[in-house]
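Dropping a structure here in structure tokens format, bear with me for questions.
Chains here go by letter, A, B, C, D, E, F, G, H, I and J, matching the order in which they are written, and residues are numbered from 1 within each.
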Amino acid sequence: MPDATILELFETPSDTPFVIEHIAAEFTSVCPITGHPDFGVVSLRYEPRAAKDGGKCIELKSLKLYYHSFRNKGSFFEAVTNTIREDLVQAIDPVWLQIETDWKGRGGIRSVIRADHGAVPGHFLGR
Amino acid sequence: MPDATILELFETPSDTPFVIEHIAAEFTSVCPITGHPDFGVVSLRYEPRAAKDGGKCIELKSLKLYYHSFRNKGSFFEAVTNTIREDLVQAIDPVWLQIETDWKGRGGIRSVIRADHGAVPGHFLGR
Amino acid sequence: MPDATILELFETPSDTPFVIEHIAAEFTSVCPITGHPDFGVVSLRYEPRAAKDGGKCIELKSLKLYYHSFRNKGSFFEAVTNTIREDLVQAIDPVWLQIETDWKGRGGIRSVIRADHGAVPGHFLGR
Amino acid sequence: MPDATILELFETPSDTPFVIEHIAAEFTSVCPITGHPDFGVVSLRYEPRAAKDGGKCIELKSLKLYYHSFRNKGSFFEAVTNTIREDLVQAIDPVWLQIETDWKGRGGIRSVIRADHGAVPGHFLGR
Amino acid sequence: MPDATILELFETPSDTPFVIEHIAAEFTSVCPITGHPDFGVVSLRYEPRAAKDGGKCIELKSLKLYYHSFRNKGSFFEAVTNTIREDLVQAIDPVWLQIETDWKGRGGIRSVIRADHGAVPGHFLGR
Amino acid sequence: MPDATILELFETPSDTPFVIEHIAAEFTSVCPITGHPDFGVVSLRYEPRAAKDGGKCIELKSLKLYYHSFRNKGSFFEAVTNTIREDLVQAIDPVWLQIETDWKGRGGIRSVIRADHGAVPGHFLGR
Amino acid sequence: MPDATILELFETPSDTPFVIEHIAAEFTSVCPITGHPDFGVVSLRYEPRAAKDGGKCIELKSLKLYYHSFRNKGSFFEAVTNTIREDLVQAIDPVWLQIETDWKGRGGIRSVIRADHGAVPGHFLGR
Amino acid sequence: MPDATILELFETPSDTPFVIEHIAAEFTSVCPITGHPDFGVVSLRYEPRAAKDGGKCIELKSLKLYYHSFRNKGSFFEAVTNTIREDLVQAIDPVWLQIETDWKGRGGIRSVIRADHGAVPGHFLGR
Amino acid sequence: MPDATILELFETPSDTPFVIEHIAAEFTSVCPITGHPDFGVVSLRYEPRAAKDGGKCIELKSLKLYYHSFRNKGSFFEAVTNTIREDLVQAIDPVWLQIETDWKGRGGIRSVIRADHGAVPGHFLGR
Amino acid sequence: MPDATILELFETPSDTPFVIEHIAAEFTSVCPITGHPDFGVVSLRYEPRAAKDGGKCIELKSLKLYYHSFRNKGSFFEAVTNTIREDLVQAIDPVWLQIETDWKGRGGIRSVIRADHGAVPGHFLGR
């Protein structure tokens, strides 16, 4: 089951703002209605706080294991997206964070969910 | 026949704004003049109200069945598009909603219809 | 010969603004100088008036037949484009209408003509 | 329901062999288990008998209506493919005929079925 | 109406075999059932007889006018293809000739017809 | 755990040979060494025996559930591929069957495994 | 030699502004230094004056012949571009006119020249 | 006017067979009927005789000038192709030579002509 | 340093022949002359012996570690390719094995090396 | 000036046949007529003799320097290609060797030259 305690952090290496993007192409969870598996791509984008303000980054292997913990969880696309946003915001308290989930078609319908925390950094707009 | 009572809702999982997109590539209805089948792609994009304001999301399987209910309905492209917009706005009372229908060619003419409810959210502009 | 009386209308299904695009890829007319056939793509985009204001939409099959009526008409590209704009504006009195004709090469020269009526709706800009 | 009596024929226009291909991109039928709609592309390729031998071609509009008659029929992909092969072979008694159905994904599985009658004509091989 | 007398010939310029291909992308005729226009691409490939054997080539502008003569002719795809094959074989008595017609979709069905006269020249195979 | 008893069959609809292809793009199992999830595409191609010989086809939904039963199974790519080949050959006793699994990269290495039963039907070669 | 007297005009068919684009892909002139041929694409875009103000359009065949008149003219790319701009502005006195010439590489250098007359119409910006 | 005396040769640099291909993308001549310019791509492929047998290669700049000499020549596509074949065969007496001319569309018809001298060398087949 | 003792094997899961392909896109070694790193893609394809004949497969993680052991090894492309072929043939004694290394450009030169052991299996030809 | 003494060799690492390909994308020499630079891609493919037969491979950096030695050499494309073939055959006495040079356009003509030594190895055909 989704378990945010798996997430490990490390101190951000800089006081100057920068942006990080992790694209996980092999995310899977389970439909809470039918029990069938769902497959999607989870994109995480965030700007950590400055080092002098105690800014943190997410350790990549722990992020992978955190995503794996959804494998047998029954959850709507919308809830998966918001749970990841909230767990990660709580863990790293970033300047900005964005989660976009892109789900393979089910019943002929493809879905994309996007949830933001904070404003997109100016130098990252329009990407 | 189109039947909005099929639509099932669930409470939105968050108070923070986010955007949902469902792209249904296998929509079919019937031409009201000739009785011949029409085929199109129906894209739904919306931002639900916040959870604290009673915001609702559309359950995906019920959306699929709602779309299936147009299968033998004779209706103009324009009417299909507006009916979906109105049924969905009535069902979920969203902050913003957009329906775009893209119809395969008939008689050598391809058609695209777009109908909005509310203003596109700022952080979704330019997508 | 071009015959706008072929055009059939139906009442627009909504009071909320929306935009319609019909792309006809198989338009043909005749060069008024040489008598040789011309081939082009005719794109029509418009926003009908609201239903409460007596807004009308163009019935698709009648649009196809109207386009077919140019088949043996000798007419310059510029005249074809403006005739269609004027006939359609007269027929449906829209909020906005745009005709773009894209002609296959003749003598090594490809041509595109664009004629507008009214201003592009704000929520359609940048498409 | 599928109705081969809709099929209309006309006399083949030639004694010299030739090959005909009709690709129908908007085929739909219904899953016999779940009742959900299926969408696919049906490709028909055939060589009619010579005119002097009473060879027949399929009239295109009647082929379209025949395909439409599957719209609300519950049938496995395999049965749809074989029914079309048999109905068409019976109707036109061709030198060669091939049906290939290519179905959009359902439950994450895309399917292709191919059924032949007679050997591919030598001058059509490798296309 | 289709008129093979329009075709003009000139003496082939060589005794050594060579191959000619003319691809006409703007062919149009009329459906004999509905009266609606059909649009297609007509590809002609042939090897003329040697000059010493009285071999002839088709003059390109007359070929264009011959194709134009189908503009208001009601004719099945199959008949158009065979008529062109027969008219051209009669006119130039070639070593080899091939007609392929590729028709834009009508009622969601796209069609390709191919008719050969003689065997493909060895040095042209596999192109 | 992988469970071939889930597989449901139905009688093949024809005595004439034909070929079926099911491409499952959302297969997942677990690495038996690390416990990490593996993701792949499983392509099944087969020719059932004739109806008069008791030939069987695989019902698609049961195939999907059979594939789902590998979800939490720790198994090498090679074993997954051979297990599927053997379970399906046992279930339907086909004329020909082929399994191809295409696995997303793990540790920077992408893998493809292919296992056949019987010879590829002549009319399916070169596809 | 370039000859603007070849240009033929016809009265613009409308009082409402519209925009015309002619793209000539087969332009050739001669290098004034080496005498070698140059090859380029000449794009003409313009908005004619209103009909009530005596606005004129360029007849397409005469434009083709005007371009052909450069065939054996020795002239720099820059001079060709400006000559065409001046001849056309003089001939039709447009609201706006733009010439863009795009030349095939010579000595490994590709060249593009653009010359405007008047301001780009607002509804044509950004195309 | 086409002038094969422009062609300059140099001694082939080897006794071992090899193959040369020159692709001229900027060929232009004139239609003998209408006087309008034609544009095409001329591909020359050949294997020179061995040096010990007096084999010759075509100097590239003289080939370019030879092609330029067609600039104001009125000639059918077929004649241009055969003239080039014959002039070049006469000039270099090659083991094998092939001319392929690919002409831009005129009146909506695109043309390709191919003429061979001798058999394609075995080690060049399938390229 | 390259260390084949890292390679771990497991018993092949089948007596029926099948084929395995592992494509490692992140291989790196060191140029023995300059000490600069080289990057390449190493593709391994093989058919293990049957289980009853003691056939073995390579465990994927150990293959990755084996490839990693070349990281600081100074070795020519040709030697890397042959070392991998020999180590793997020795380890698994396969029916067939093929190594293809595709190296990113160094000094503007891109290299590909291919080494085989045994003949390609018939049912794998043409892939 | 081209200098084959720059070429360095090393002993081939294997007795089993294998194939090597080096693609040099940044080759430049000088036109012997005009003195202008030429740019091309030089592809070398070869199979060295077995180690037991004294087979040699070309060291890559020396190949690069050898190619650089053509930089200020005035030489026809054909001579460059044959010089490289002969120098390399002399240096390594291979089982098979192939040189293909692909030259950027000069005066609108692009050229490709190919020279072989020995027969293409069977297991390398069709690549």
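Definition applied: a contact is a pair of C-beta atoms (placed from the backbone, for glycine too) under 8 Å apart; a residue touches a chain by one contact, two chains touch by 3 or more.
Bear in mind the structure is a predicted one, so any value in this text is a computation, not a measurement.
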item: Shortest path length from chain G to chain I (each step joins two touching chains); value: 2
item: Fitted rotation between chain E and its twin chain G in degrees, CA, nearest 5; value: 180
item: Type of chain D:chain F copy interface by residue overlap (half), same or different; value: different
item: Computed distance of Cα centres, chain E from chain C, in Å; value: 34
item: Centre-to-centre distance between chain D and chain A (centres being mean Cα positions), rounded to whole Å; value: 47
item: Rounded Å distance between chain I and chain J, as computed from the means of their C-alpha atoms; value: 27
item: Distance from chain I to chain A - Cα centre to Cα centre, in angstrom; value: 36
item: Chain I: positions in contact with at least two other chains; value: none
item: Each pair of chains that touches, named by its two labels; value: A-B, A-D, A-F, B-C, B-D, B-E, C-E, C-G, C-H, D-E, D-F, E-H, F-I, G-H, G-J, H-J, I-J
item: Residue ranges of chain H touching chain C (in the complex, touch as defined); value: 36, 39, 104-108
item: Residues of chain C that touch chain G when the two form their complex; value: 33-34, 76-79, 81-83, 85-86, 105-117, 119-120
item: Interfacial residue positions of chain C with respect to chain E in the complex; value: 25-26, 28, 36-37, 39, 68, 71-72, 104
item: In the complex with chain J, residue positions of chain H that touch it; value: 10, 12-14, 16-26, 57, 59-61, 63-64, 123-124, 126
